[in-house]
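Letters A, B, C, D, E, F, G and H mark the chains in the order given here, with residues in each chain numbered from 1 onward.
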Amino acid sequence: VWKVSLDQDGTKSMAKTNTPRVAVIMGSDSDWSVMKNCVEALKEFGVSCEVRILSAHRSPEQTAEFASRAQENGFQVLIAAAGMAAHLAGVIAAHASLPVIGVPMASGALQGVDALLSTVQMPPGIPVATMGIGPAGAKNAAVLAVQILALSDKSLQKKLRQHKTDLRQSVERKNTELQNQLV
Amino acid sequence: VWKVSLDQDGTKSMAKTNTPRVAVIMGSDSDWSVMKNCVEALKEFGVSCEVRILSAHRSPEQTAEFASRAQENGFQVLIAAAGMAAHLAGVIAAHASLPVIGVPMASGALQGVDALLSTVQMPPGIPVATMGIGPAGAKNAAVLAVQILALSDKSLQKKLRQHKTDLRQSVERKNTELQNQLV
Amino acid sequence: VWKVSLDQDGTKSMAKTNTPRVAVIMGSDSDWSVMKNCVEALKEFGVSCEVRILSAHRSPEQTAEFASRAQENGFQVLIAAAGMAAHLAGVIAAHASLPVIGVPMASGALQGVDALLSTVQMPPGIPVATMGIGPAGAKNAAVLAVQILALSDKSLQKKLRQHKTDLRQSVERKNTELQNQLV
Amino acid sequence: VWKVSLDQDGTKSMAKTNTPRVAVIMGSDSDWSVMKNCVEALKEFGVSCEVRILSAHRSPEQTAEFASRAQENGFQVLIAAAGMAAHLAGVIAAHASLPVIGVPMASGALQGVDALLSTVQMPPGIPVATMGIGPAGAKNAAVLAVQILALSDKSLQKKLRQHKTDLRQSVERKNTELQNQLV
Amino acid sequence: VWKVSLDQDGTKSMAKTNTPRVAVIMGSDSDWSVMKNCVEALKEFGVSCEVRILSAHRSPEQTAEFASRAQENGFQVLIAAAGMAAHLAGVIAAHASLPVIGVPMASGALQGVDALLSTVQMPPGIPVATMGIGPAGAKNAAVLAVQILALSDKSLQKKLRQHKTDLRQSVERKNTELQNQLV
Amino acid sequence: VWKVSLDQDGTKSMAKTNTPRVAVIMGSDSDWSVMKNCVEALKEFGVSCEVRILSAHRSPEQTAEFASRAQENGFQVLIAAAGMAAHLAGVIAAHASLPVIGVPMASGALQGVDALLSTVQMPPGIPVATMGIGPAGAKNAAVLAVQILALSDKSLQKKLRQHKTDLRQSVERKNTELQNQLV
Amino acid sequence: VWKVSLDQDGTKSMAKTNTPRVAVIMGSDSDWSVMKNCVEALKEFGVSCEVRILSAHRSPEQTAEFASRAQENGFQVLIAAAGMAAHLAGVIAAHASLPVIGVPMASGALQGVDALLSTVQMPPGIPVATMGIGPAGAKNAAVLAVQILALSDKSLQKKLRQHKTDLRQSVERKNTELQNQLV
Amino acid sequence: VWKVSLDQDGTKSMAKTNTPRVAVIMGSDSDWSVMKNCVEALKEFGVSCEVRILSAHRSPEQTAEFASRAQENGFQVLIAAAGMAAHLAGVIAAHASLPVIGVPMASGALQGVDALLSTVQMPPGIPVATMGIGPAGAKNAAVLAVQILALSDKSLQKKLRQHKTDLRQSVERKNTELQNQLV
């Protein structure tokens, strides 16, 4: 379990006090099973985050409000996940000047191609840092957020170096397991 | 040339007084050469319209404001054209309950596939009536707007019947020209 | 269950008397499980509709006949759902001057990409208001039909405003549930 | 130039009397520059044809009428070329029991992918013999028509054998030219 | 079960004597579950056929031999089904001057898009009459073969007219069932 | 012209002293005409950058070396642009823990779809912040870099707020020009 | 089971002594179920191989090291399998001058289209011999490796001739089984 | 200019005597402008080759004959380039046991996507070593052929090491030019 505090409006934020803050926004509660990968990766780095459901289409004013106030509310990186005509990250990027990371969800008949293009093909001036479709993208959104926050946080830099070592060692361990399996 | 009146904010509206009103919104002035087909088709039906540039990403508040007030400002159908990660129609549909017609523009490397999917793959509850990519879609947006307005306008119904006859006769005329060419 | 009356030819129409009428046409009975979402959404708005199976390819004359007479038979909006080389909406639009809404079905190996392109890429002069692929598109066809009918129906306008509120509240409720789950 | 006779309705048919007859139908006069390849190939085989512009969407009744009567009017193979949401071949196949050959045109932003899928992905029971996109498909429609007619025409069988020899010799001749160029 | 006779090489042909003959060639035995739809449709029309597995890549000489001799062996239409880089129909068309119908199979990761393009995009001079991907295409290959054979067979023409009636009646029956279900 | 200083290896860096530093890496000199948009946007924000050609495939060791040392050499954000099987950003991300922004170039037959997928679909643990294809993506890479650097730079935050204002005013100005044109 | 010997670093190599050697590299242990097809096909030809997990992104230095030394370590052909933004084969080809065969894996939402394009669209000068997506490609990588090694190995040439015979006979056997099934 | 000798059938082969030999086969003379890149790259490595036009569809017997005899005629690597439904490499691979390298040409409306899939998606047992679409693939076919031949040719190994150095130096030179341009 992770630490949770209450925001003014009842939203619970999972945070250690005084750490950088990331928002993980989803367009639908059905995205949670995928975006859990993002939140768990943030936790592994000890980066606090807040998880929220906000919809570009169904709660556009709340989304605009959230994005417009994100910086003054202490957020530093905004992660937005949505499927199909995935406008969520783009709408947030339109209202905020913080780095916005978009994660395309593989929902619907087109399996995320629509969400990828709707997220990545932004017009000049309004970038969305787009991740791959689905769980890999969800995890990578967390790592990118950490890389951004690490620019002014030595302890995160150290964790990122360890993360690279862990990735390498995981490959080596799996290779060893495969070799054993081949005997 | 067509009749133009001044709105409060200096936007000129091309309208006959007391007729139904359509808004033609473009995400960029580079869409005008294509969307001119839409405005001209509306004029042929005698339907007044207002043309505006509004961007889901660069002027999101004005866009939301426009969409939220469109109905009370007397609009009945909203046409939105945009390219790439084309969020314009979707954002307008999020704020308005009027019928929203989306026209994907063929800008950028993907030639409108991105704009098509970003426009059509809307989540349940927030429809965008999506047209084909480019000039054909631009013209069809006008015809669909007329078909919608015609439900309560007998004179437009008559014009639509004439439109169908014109289309048929144009095919016949082109066939005759081809036959002559073949002699 | 909902109220059903008998048409002349035995087709049952689900309608309150004296309300605007929508036709929901499917190319195949296998589309019903998806298009049920459309009919149910119409019912929630209290808009009467008639459901029919008509095929552009297997019963082309009946389809043309239906479309040609749709207006005089009192229909105001025609919704057509089909998969693969989905010509149904296009054929209906060729014969009728009413607004035609097309819903691409995700049947067959291409999962609806074929149906989407066959429905949306209409030639100039004959629009089809195309929805997203599958259930989301099915529901949105209903909402668009209601938005069109609402132009001359104050009570539907009120329901659409409520619909927007419902969508927003549903997002908020799901957000609250997620927050509770995260504790 | 080729021989032309007048049909009842003024359409000129390019035919030798008493030979099998092919119809080449185009959705638009802009398809002619491509479909000329088809007509010229038919002429090389001495197969008479009639060229017509008919639109599935703009002249649907004439198209249905033409297709319904094609067999009694002496046609044996129907070739239909169209672009975008290319319904022409499908609509003709819905009304006729003759072999229908579809040629997708590369018009519009999607360069014929839409036309290919709209033509080939027909539902069970109503085939369209689909050719490749553009000029190659146009020529092949003619060759397929000849192959079909040749089943009951020995002289066409002989020409098809010669056609295969010509193709081979053309490859050999081009190879020789290339070798000379390489010296 | 259907009537089977023995060919010289042990291949059994399902045929009534003295009727036109169709070959149904598959690249792999795994295509049989789909191509059964083709053979059954041919049987319903009383058209004899022979089913064979031949591979463009694994038994290229037998395939070339078969195609080269198909006409002299009394075949009139050749149907070829294959998946992935589906060369089977193209290779057969290269060696035979009979009408060749190609059916793309939905095998492998790309679900038939590869097979469709490999089958349909033939170079000028060598057509393959391409059907839709999978079971619908398999059935339509049979119907197209019948349409071709019917050009010189009045009884097949009659069956095709009945086929069109059956398709229409099947739609009407399904519509009636749906109406009953809706009560 | 902008200020240039000499690095140890002769590479010139365009930088104001003591400001954050961005590297703009291109896989080929042919990418320069597009990536100039990136460098110019960085300059407008007063952010120094270094431009280099490095290839994941042709100079892999230099690329790995550059990426591995980027942080100790004082870089904070790495922008990598490449076309086709665009591995450049991925390879840099494999060796560096800094935020890596990838810009897919529209070179070759597939017009950037290959580059987009090769850049964005990274495995879990190694993110690349992917921008849209071509010039829009090039400019957005700069803006995202600025947004990242602004997290610890108040003056950049101010410039980003101005940037949003500029975007909005540019839309308004273009709207005004359009209105004038329509009179 | 097959013979395994120990390499210096504990990796087990499946080899007959004194035979040519192939490396089968996978980006992830999840690729093993597919790449087993490759290893088994190599074994059937009696070609020794070594299987390893190495990641272009998670263990880039080991991958570069392995590729750089592959030739001096006695490898002759390198097979690399990866999914998504599949850089593995490309990175190996950047560091080695041996023939590199790439096998795209069908992992993730895009089912291998991303892996195919990331593997095949290499820049001029650095080829990757790309196979089809998934199991067919895995097996074919082995056959291509054998074809390459056979250029200087008469016994492998003989086995390849037998392989072609086996393929043909397998087709014939399946045809016979089908004929029996049809009785 | 390069050395040319005459083959028995008048085909000129560009070769130094006693060196390994490569065949470069094209489906059409229109492929020559692209495949010249392949032949020139082979020449730079001093590898002799023979260029021929052979068509899988228009001269299938010659193609089969050529492929069947390629090994006994002293060829070691076969390169095949074709566009659209590109069967050439696959047909050659069906008849030969030599390594076959396929180069998809970007001809026709689909710009080489069809040729890529038709070339790469080969069934198990019959590999085609597929290169990227167009000129890059043409050049890479040559390099891969050299890598294959180099396995038993020390002088080619040396040239390949030089090739890697040249690639790296070319990148460095272009970087230097860019730096000069930026001053």
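By our rule, a residue touches a chain if its C-beta (ideal position, glycine included) is under 8 Å from a C-beta of that chain, and two chains touch if they have at least 3 such contacts.
Being a predicted model, the structure only gives us computed values, none of them experimental.
Of the two chain pairs examined here, G-H and F-H, it is G-H that is joined by more C-beta pairs in contact.
In summary, the interface at C-D recurs among the listed pairs A-C, A-B or A-G; the equivalent pair, sharing over half of its contacts by residue number, is A-B. Inter-chain centre distance (subunit B to subunit D, centres taken as mean C-alpha positions): 36 Å. The mean-CA centres of subunit B and subunit C are about 21 angstrom from one another, to the nearest whole unit. Multi-chain contact residues of subunit F, defined as those touching 2 or more other chains: 28, 55, 57-58, 61, 84-85, 108, 110-111, 113, 120-123, 125-126, 132-133, 136, 167. Listed in rising order, the residues of subunit E touching subunit D in the complex are 37, 71, 76, 97-99, 101, 116, 120-127, 129-133, 135-136, 139-141, 143-144, 147-152, 157, 160-161, 163-164, 167.
Per the touch definition, subunit G reaches subunit A in the complex via residues 4, 10-12, 14, 28-29, 32, 51-55, 57-59, 61-62, 84-85, 108-111.
Looking at the complex, you find that subunit G touches subunit E at residues 106, 111-113, 132-134, 136, 167-168, 170-172, 174-179, 182-183. Subunit C meets subunit D in the complex at residues 27-28, 55-58, 60-61, 64, 83-85, 87, 90-91, 93-95, 108, 110, 113-114, 117-123, 125-126.
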